[in-house]
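In what comes next, chain A is part of two complexes: it sits with chain B in the first one and with chain C in the second one.
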Partner chain A sequence: MISREDIKALNTCIQCGTCIGSCYSGRFTALNTRKILMKFIAKGKPIEENDAIWFCTSCYACTERCPRNIPLTDILLKARRQLVKEKGLPGRLDKAFKALLKTGSLVPAKDEHAKLREDLGLTLYTAQFRDDAREEVSKIVEKHIGGLI
Partner chain B sequence: MRIGVFICHCGLNIARSVDVEELTEYAKKLDDVVFATDMKYSCSDSGQEEIVQTIKEHKLDAIVIAACSPKLHEITFRKVAMRAGLNPYMVELANIREQCSWVHQEKPYSATLKAKDLLRMAVAKARKLEALKRRSIEVSKAAVVIGGGVAGIEAALNLADTGIKVYLIEKAPTIGGHMATLNEVFPTNDCSICILAPKMSEVWNHDNIEVITNAEVVEVSGRVGNFRVKVLRHPRYVDESKCKGCIDDCSSVCPVEVPSEFDYTIGIRKAIYLPIPQSTPLYAAIDWEHCIGCQLCEKTCEPEAISFDQKPEEIEVEAGAIIVATGYKAFDARKKEEYGYGEYKNVITTLELERLLSASGPTLGELLRPSDSTIPKRIAFIQCVGSRDEKTNPYCSRVCCMVSLKNAFIIRERYPDAEVTIFYIDIRAFGRMYEEFYKRVQESGVRMIRGRVAEIWEKEDGDLVLTYENTLTGEINDEEFDLVVLSIGIEGTNEIATKLGISVGSDGFFEVAHPKLKPAETDVKGIFLAGAASGPKDIQDSVASAGLAAMKAAQLILSGQTEFDPYNAYVDVEKCTGCAICTKVCKFNAAFMDGKKAKIDANACVMCGVCVAACPADAIDMGFFSEEQIKAMIEALAEERNADPLILAFACWYCSYSAADLAGTTKVQYSPNVRIIRTLCTGRVDPEWILLALEKGVDGVIVAGCRLGECHFKYGNFAAKERIEALKKALEEAGVNPGRVKAIWHSAGEAQGIAKDFDEFVEEIKRLGNIEKELIS
Partner chain C sequence: MKFFPGCMIHNRYPGIEASLYYVFDKLGIKISPLEGSSCCPAPGVVKSISEELWIELASRNLSLSDEDILTACNGCFTTLLEASSKINGVDVRHVAEFLYREVGIEEIKKRVVKKLPIRVAVHYGCHFFRPSKSKGMDSEKPIMLDELVEAIGAESVSYRHKFVCCGGGGGVRAAATEVANDILNLKMDAISAAEVDAIVVICPLCLHQFDVGQIELREQRGEDYDVPAIHYIQLLAIAMGMDVDKSGLVHHNVVTAELVEKLIQGEIME
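Up next is the complex of A and B:
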């Protein structure tokens, strides 16, 4: 949850634009962290109500450079968590986690891949190949976000 | 002791909630009170006259005035006492307005009971009052000014013109400071050195000023009135009596080239050099760190001025006052890695630009970019580099906005083809004629982009790519420039702080005695601040502040002596065991060992009372806030039980007492169970007092000081905090709930805060119940 301390920090934003100027994602996506903050300060719009926060790659460049020391990346991540709790995962992520739950990996391996590795003398140790590892990954996914998928 | 009591109605301000007649009758019954009366307005002329007559008629030894806060009229009533032939310190006030009638408006019954307590306590203190003498000491008729920038120059001239001898100490070989290296100065854009050089020369030629260059302060001892300043003068290896300042002969043959600090390393100088053409004094200097000793200069110097035999020289001067005008240092832009300063050649700082634009600079005033000496066309200024940035300096450096506007304007003037952009967060053009200047700059076609540049990349040809968001359009851009100027902030130079014993704020600048009303004074008597030493200032403000510092120093020096309220701490030599604890707790060098006994320099004592409370032998006491007087007040309070629970608060004069007064002025209501005793500092609060109060049946004790880190005496409330924490542990072991003692910290403005703390504490103590049962167990 976004804490009282976070809100205090968000309120100190001086709208200098360093965050978005430093944002590697924002250059190519709809993410504009400064505008998210602006709407928060000016209109009280909760950070969670900005769908663009899903474009944050959590590289922490904005946090590194923010002249007001606002822990922006952490706050965006918290906002995402809140968003997921309330509305569930957005479409693509939902698909990705479903795949993870079912197959233990985002890119399931095919038999030919397993054979290729065997031919090359490589061990089969990841959840892509081994049932026990797959079950472990599924359990982890189930445990943390099982109800949301 | 014959005590007279005067109870003021203050119109209805007091009389509306306190029963003044009843209080007067009550006063008459108190021991030693030989006279008591109520008055409509005790501070009015007729009221004052009535008091004077009564003192004479009834031969009073001491008077108690129950009226408003001592902050308001203590001095008034002391003067009244003097007019009646009474010692001014035989007056005690009971604050029944700000801290009673105004804060308990809806509880007249409780307010009257509380007023009785406050009055009884004041009378108890009055019984123990002693006549005190205002003290004074002789002041030496000289001043030391440390730092020869514009502030130091201004202060020195002001002082010297009044006839005071001034020693101006400068670490560089020339006076002039930063200002001497600037190009043109806002908002009038006059040439900086042209307006400064005449003052530099005036200082040098002034009969009352001794300029000591190439020198540093190594030690400061003594006290206000008689400081002794030890100065180390480094040799310049040039005989000042022979050097003609021609410089060309010697420096042209010098094989050593070093980046010139007077060009902020963007130009070069020789090992024998003049810092700037207008150097004052106009003598060459040899830089002993870089000279290789080839002696070529010695051979070419016709007047034979080179003198390698010179040795460092220690000078000691005596002064009544010291003015610290040590100025600022520029922010080191390398700390902002994303801007590449130090790596990218064409990223320069404000000060470097000043030298590039200056006719006496390395390019003789031509704006050439460092990488290829071409004239840049696209120039960017980045504001707030090292300012308004929690990662470097959180404060605003105040001057950089105007500096960049001014330089952008000059570039547009000299190079009409240049495209100049200023990247800013906010433009702060706060001074007179500044906003108007800003408008002129806008009119001149300087592009203003609101946004803080995120990062800079250097291209192979030395051009620079800036990534930024224009926050007004919301566009994120990569844009190329030929030259980037970082508008660097300014930082405090506080290296000398420990030598002087003055304090440094969290921002690195010297702390002033009061941010509004004492901007030139420090906590150490006789040491004053001029210019940027006490915070970022432009030239105008530096000069103004230097004038004030000089005035304050002159006031001290010219009066020939300086006076004090005699509240200072003193040692009872009989009782002193020589443990030297006082010398350790005193942060102001006032307590020292004189043989095996402690001694307190009354002139250096700041009157915080920390040593008084710390002395394990009770050998130290202080005037007007003596051990005996305060204990008498505590005992008097406990004589009657006029509130349940009964709470005592010790409040420091500078913050919490003022906060409680402000609660009164703004009519913030709080529980009438609290009675306040004033001390000058919470550091004076002796844990014994708290124990005494609890023993006598006071249910809870509050110690209210300044906010931590904001103590008027810097460390007093930290001492109090430590003692209270220790006391709480001791109480717990003794079976007394430590919750009965509480420390709170408030600034003078926190009326609501202190009222809330009082109320909460009363509730907490209500829950704990009366102290009696704990004392029995």
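Up next is the complex of A and C:
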């Protein structure tokens, strides 16, 4: 998953620290983008059970500011995918992806939300409310991540 | 154009959608909902699990329309714009940049029937302007939203941490709520110090983070900020004549009587 191009890009890092200086999440957490990317990815060490990797909000500030134009955020998302392959879906995301499978929405509508739409004069028209569309979406979700949920 | 609602607008903040139809009707721009659409899917969180799933669901949504697609959510905007460039699909626009670039500030000023002289803290949301290349935006300090709120008579107040993330994106709100709220806490301290009537956002996920996150900060940390958050399109609809009641604002978790009163009163234009 982490490609040769990614490793090549990471190896152009000059360790300036702009990425971690720009990281909003890193102000409060152990998320150290540079360390995750360099130690675990560029040097090929297994990404250990590292909760901090889930603290990235994918704001892309580090990527935008990197003087070597390393696609840091995208590589970090790839690293998450690798971790999911090894360890499965993080528990706290389980509910959202179950909802996606079942309703076609990560944040499905409940009765109260449907009622609010009605009160505002709006119809219910997403895949969650159309049997054929919902089944189509469910099949796509099942095909790619059915085994993880 | 086709309106793509995404989960958060269709299922949590439908007032954004009602307001958007009101505004586009007044502007004489034809728009109808993209029926049968699913989750966009959310870029950070779904790409964290499966890129193949992300592109296939996004492609399906894009294939439902042969017209340009309009979103009012930064996450949907990011996903559909990026997927569209990969599969050569329809054009994807975000309502804020569409209003700014296609309708224009001068035209918006002409359409205002009630100025809203309130003090606001604008929050762009990271995914409105980053990655900046595909969006043609300033990667550090965009000015579109500041100009848009000033066009309806509001004052965009400068505040510390204006461009800091709301904390909700990338799956952080779902996977690590405490971290999301740590970031929100910092942001809210700064917004509170700026003494504004409201926070103006252009993304329903940011809106949810400010709206529900403030309740959590109060219950879990005793931090009582009580600053309502509202989507720009709701404010614009009110400025163009929509009843405050119909904007959906009163259904948000954090609402102040003071803000509602100011929006009802406004400053009627001659």
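The working rule: the second predicted complex is superposed on the first by the 114 of 149 C-alpha atoms of A that agree within 3 Å, B and C clash if a C-alpha of one lies under 4 Å from a C-alpha of the other, contacts with A are read in each partner's own complex, and residues count from 1 in each chain.
Methods note: a residue touches a chain if its C-beta (ideal position, glycine included) is under 8 Å from a C-beta of that chain, and two chains touch if they have at least 3 such contacts.
Note that the coordinates shown come from a computational prediction; the quantities given were computed from them, not determined experimentally.
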| item | value |
| --- | --- |
| Partner chain in contact with A:Arg27 - chain B first, chain C second, else both or neither | both |
| First, second, both or neither for A:Ile36, with chain B first and chain C second | neither |
| Touched partner set for A:Ile47, first chain B, second chain C, both or neither | neither |
| Between chain B and chain C, more extensive residue contact with chain A | C |
| A:Ala9 touches, of chain B and chain C: first, second, both or neither? | neither |
| Contacts of A:Pro67 with chain B and chain C, given as first, second, both or neither | first |
| Partner chain in contact with A:Ile75 - chain B first, chain C second, else both or neither | neither |
| Residues of chain A that lie at the interface with chain B and also at the interface with chain C | 27 |
| Partner chain A, residues of chain B touching it in the complex | 338, 384, 388-391, 425-426, 450-455, 467-471, 474, 476 |
| Chain A - residues contacting chain C, complex | 24-25, 27-29, 51, 54-61, 63-64, 77, 80-81, 84, 89-90, 92-93, 95-97, 100, 104-109, 113, 116-117, 120-128, 130, 132-134, 136-137, 140-141, 144-145, 148 |
| Contacting residues of chain C [partner chain A, same complex] | 5, 7-8, 10-12, 14-15, 17-18, 33, 35-39, 41-53, 56-57, 60, 126-127, 130-132, 139-140, 164-165, 167-172, 174-176, 179-180, 182-183, 186, 246, 248, 251 |
| Complex contacts: residues of chain A adjacent to chain B | 14-18, 20-23, 26-27, 32, 34-35, 65-69 |
